[in-house]
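There are two complexes below, and they share chain A, which is joined by chain B in the first and by chain C in the second.
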Partner chain A sequence: MKERAQLLLEIADDELILGWRDSEWTGIAPFLEEDVAFSSIAQNEVGHARALYELAARDLGTTADELAFDRKPEEYRCSELVELRLPEWERTIARHVLYEQADAERLARLKTSDDAELAGLAAKIDREEVYHRLHAEMWAERLQAEPRFIAALDELRPLVDRRKGHSPELAELWDEMTSVRRSQPAGTKW
Partner chain B sequence: MVTEAEVWKALAEVADPEIPVISVVDLGVVRDVRIEQERVHVEFTPTFLGCPALAVMRDAMAEKVRELGGEPEVEVVLDDSWSTDKITPQGREKLRAAGFAPPTPREAEAPKLVQLQSNGFRCPYCGSRDTALENIFGPTPCRSLRYCRECRQPFEQFKTI
Partner chain C sequence: MIYEVFRQERKGQAFQHAGSIEAADERFAESYAREQYGRRGESQALWVVARDSIMRIEEFVDELNRNYHRVDGYPLKEKLKEARERAGTAAPRDR
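Let's turn to the complex of A and B:
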């Protein structure tokens, strides 16, 4: 597989799977503002994934939808951090903080890439991620002395860039995420 | 044969599906219009990549070009060339009149939490700057929620990007 497509898929998979996990708070976040915030962040991450898949699809001669939904769970390149189903708020916030830090560093590198297309898209994504980071920063400050939050940071930190294999939770998520598409042949009109 | 000016005029009638008071031209997302015989090439940049209105806007622009008798070719440009600074002065006024506070100008540095939490943002209803951040996120990716302490009215503030 082309090197650029591999990199694009790694980021796109992170954003798609995290977007899916974030959307699990829709309707059940601790309070209304966070319901809105996590839903909006989820929508934005999936939008980033779409743009990245489109670029990768051009390199690989396929489509964004096929890359997002027609691969097998073991073919995804996302990190273990984004795969986990985290029904606890402090672990969700810890993941949010860790992911946004790592993503900011990754985007900063890509923005200076010689590949103008990649650098341009990274710059666009980075402008939007600023608001995710501010949200993470606000929560990190609020929970900084909370022992459960500190423990969650310690627990999840090693998973940030762990990309060898997947947790069983990815297969469960994949099953849910692709069920509609698998029930209908490609190209079905709704 | 259709002219570039006619295409721009027609696109100025394509409303943003989520904020119908403003057109795609007011929003500054139409970057270029080029005519090559029957083919009308329109370059457009999304506001936010997660914007669900993207496909709706693209299809509405293509439809307008078809109405003029042209063959549309709408290209979505995925780079950093759009900024909220590209919203036209008329567009900003239309937003304000509809209760959406227009974005503050983009600065060299990315926005900071302390800036968003300051009271530098003006209420679109009464003009007071005594407003507070309620939520960085709102009903669409491009907006935040604020509250005006002066006229006690919540309002939506465009994010600066």
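Let's turn to the complex of A and C:
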């Protein structure tokens, strides 16, 4: 596989899976305002994933939907950090904080890439990520002395760059995420 | 903390009360206000202000019932029209 497509898939998979996991809070976040804000962040991440998949799809001669939904769970290149189902708010925020830090570094690198298309898309995505980072930083500051939050950061930090293999939770998520598409009767056009 | 949000739809228009949000501090309030009242391009600008900072006035004393301070029952429209006709100036365009 082309090197650029591999890199794009890695980021796109991170964004799609994280967006999916974050959206699990829709309707049940700790309070209404946070529900709206966090759901919006989840939507943005899925939007970023789409843009990245579209670029990768062009390189690979396929479509964004096929890349997002027609691969096997073991073919996804996301980090273990984003796969986990985290039904505790402090763990969710710890993941959010860790992810935004890692993503900021990644985007900063991509923005200086010689590949104008890649650098352009990274810059576009980064303009939205600014608000995600602000949101993550506010929460980190607010929870900084909370022992459960500190424990969650320690628990999740090693997973940020772990991309060899997947947790069983990815397969469960994949099942849910692709069920509509897999139920598509032959020949259906969406 | 409760914050009140006022929204300006287009440049030059008056700000109108859009709703209120609950937030831990000003930064959260800004973030939530952006999400709820700005992300669909529906606002030109927002005012976000802590409810506690708003001065509320709702008592208007009129012990002696000085109803001559009021304007009800005192239609100006006809008088203005006549005055304008005498002066030969047209009514200003309806706003």
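The criterion applied here is as follows: the second predicted complex is superposed on the first by the 185 of 190 C-alpha atoms of A that agree within 3 Å, B and C clash if a C-alpha of one lies under 4 Å from a C-alpha of the other, contacts with A are read in each partner's own complex, and residues count from 1 in each chain.
To be clear about the criterion, a contact is a pair of C-beta atoms (placed from the backbone, for glycine too) under 8 Å apart; a residue touches a chain by one contact, two chains touch by 3 or more.
What you see is a predicted model, and the numbers here were worked out from it, not measured in a lab.
> Looking at A:Phe31, would you say it contacts chain B, chain C, both, or neither? Reply first, second, both or neither.
Once the two structures are laid over each other on A, A:Phe31 reaches chain C alone.
> Who does A:Arg142 touch here: chain B (first), chain C (second), both, or neither?
Only chain C is touched by A:Arg142; chain B is not.
> After the superposition on A, what does A:Leu55 contact: first (chain B), second (chain C), both or neither?
Once the two structures are laid over each other on A, A:Leu55 reaches chain B alone.
> For A:Val130, is the partner it touches chain B (first), chain C (second), both, or none of the two (neither)?
A:Val130 sits against chain B, while chain C stays out of touch.
> Based on the superposed arrangement, let me know which partner A:Ser40 touches: chain B (first), chain C (second), both, or neither?
Once the two structures are laid over each other on A, A:Ser40 reaches both partners.
> Look at the residues of chain A and decide whether chain B or chain C touches more of them.
B
> Once the shared chain is lined up, is A:Gly120 touching chain B (first), chain C (second), both, or neither of them?
Only chain B is touched by A:Gly120; chain C is not.
> With the two structures laid over each other on chain A, which partner does A:Pro73 touch: chain B (first), chain C (second), both, or neither?
neither
> Can you pull the chain A residues that chain B and chain C both touch?
33, 36-37, 40, 131, 134-135, 138
> Quick one: which bits of chain B touch chain A in the complex? Just the residue numbers, please.
By the definition above, chain B touches chain A via 48-52, 78-81, 110-113, 116, 134-141, 145, 159, 161.
> Help me check something: in the complex, which residues belonging to chain A touch chain B?
Chain A reaches chain B through residues 33, 36-37, 39-41, 43-48, 50-51, 54-55, 117, 120-121, 123-125, 127-128, 130-131, 134-135, 137-138.
> Show which residues of chain A lie in contact with chain C when the two form their complex.
Within the complex, chain A touches chain C at residues 31-34, 36-37, 40, 131, 134-135, 138, 142.
> Along chain C, where are the residues that touch chain A in the complex?
21-24, 27-28, 31-32, 34-36, 39
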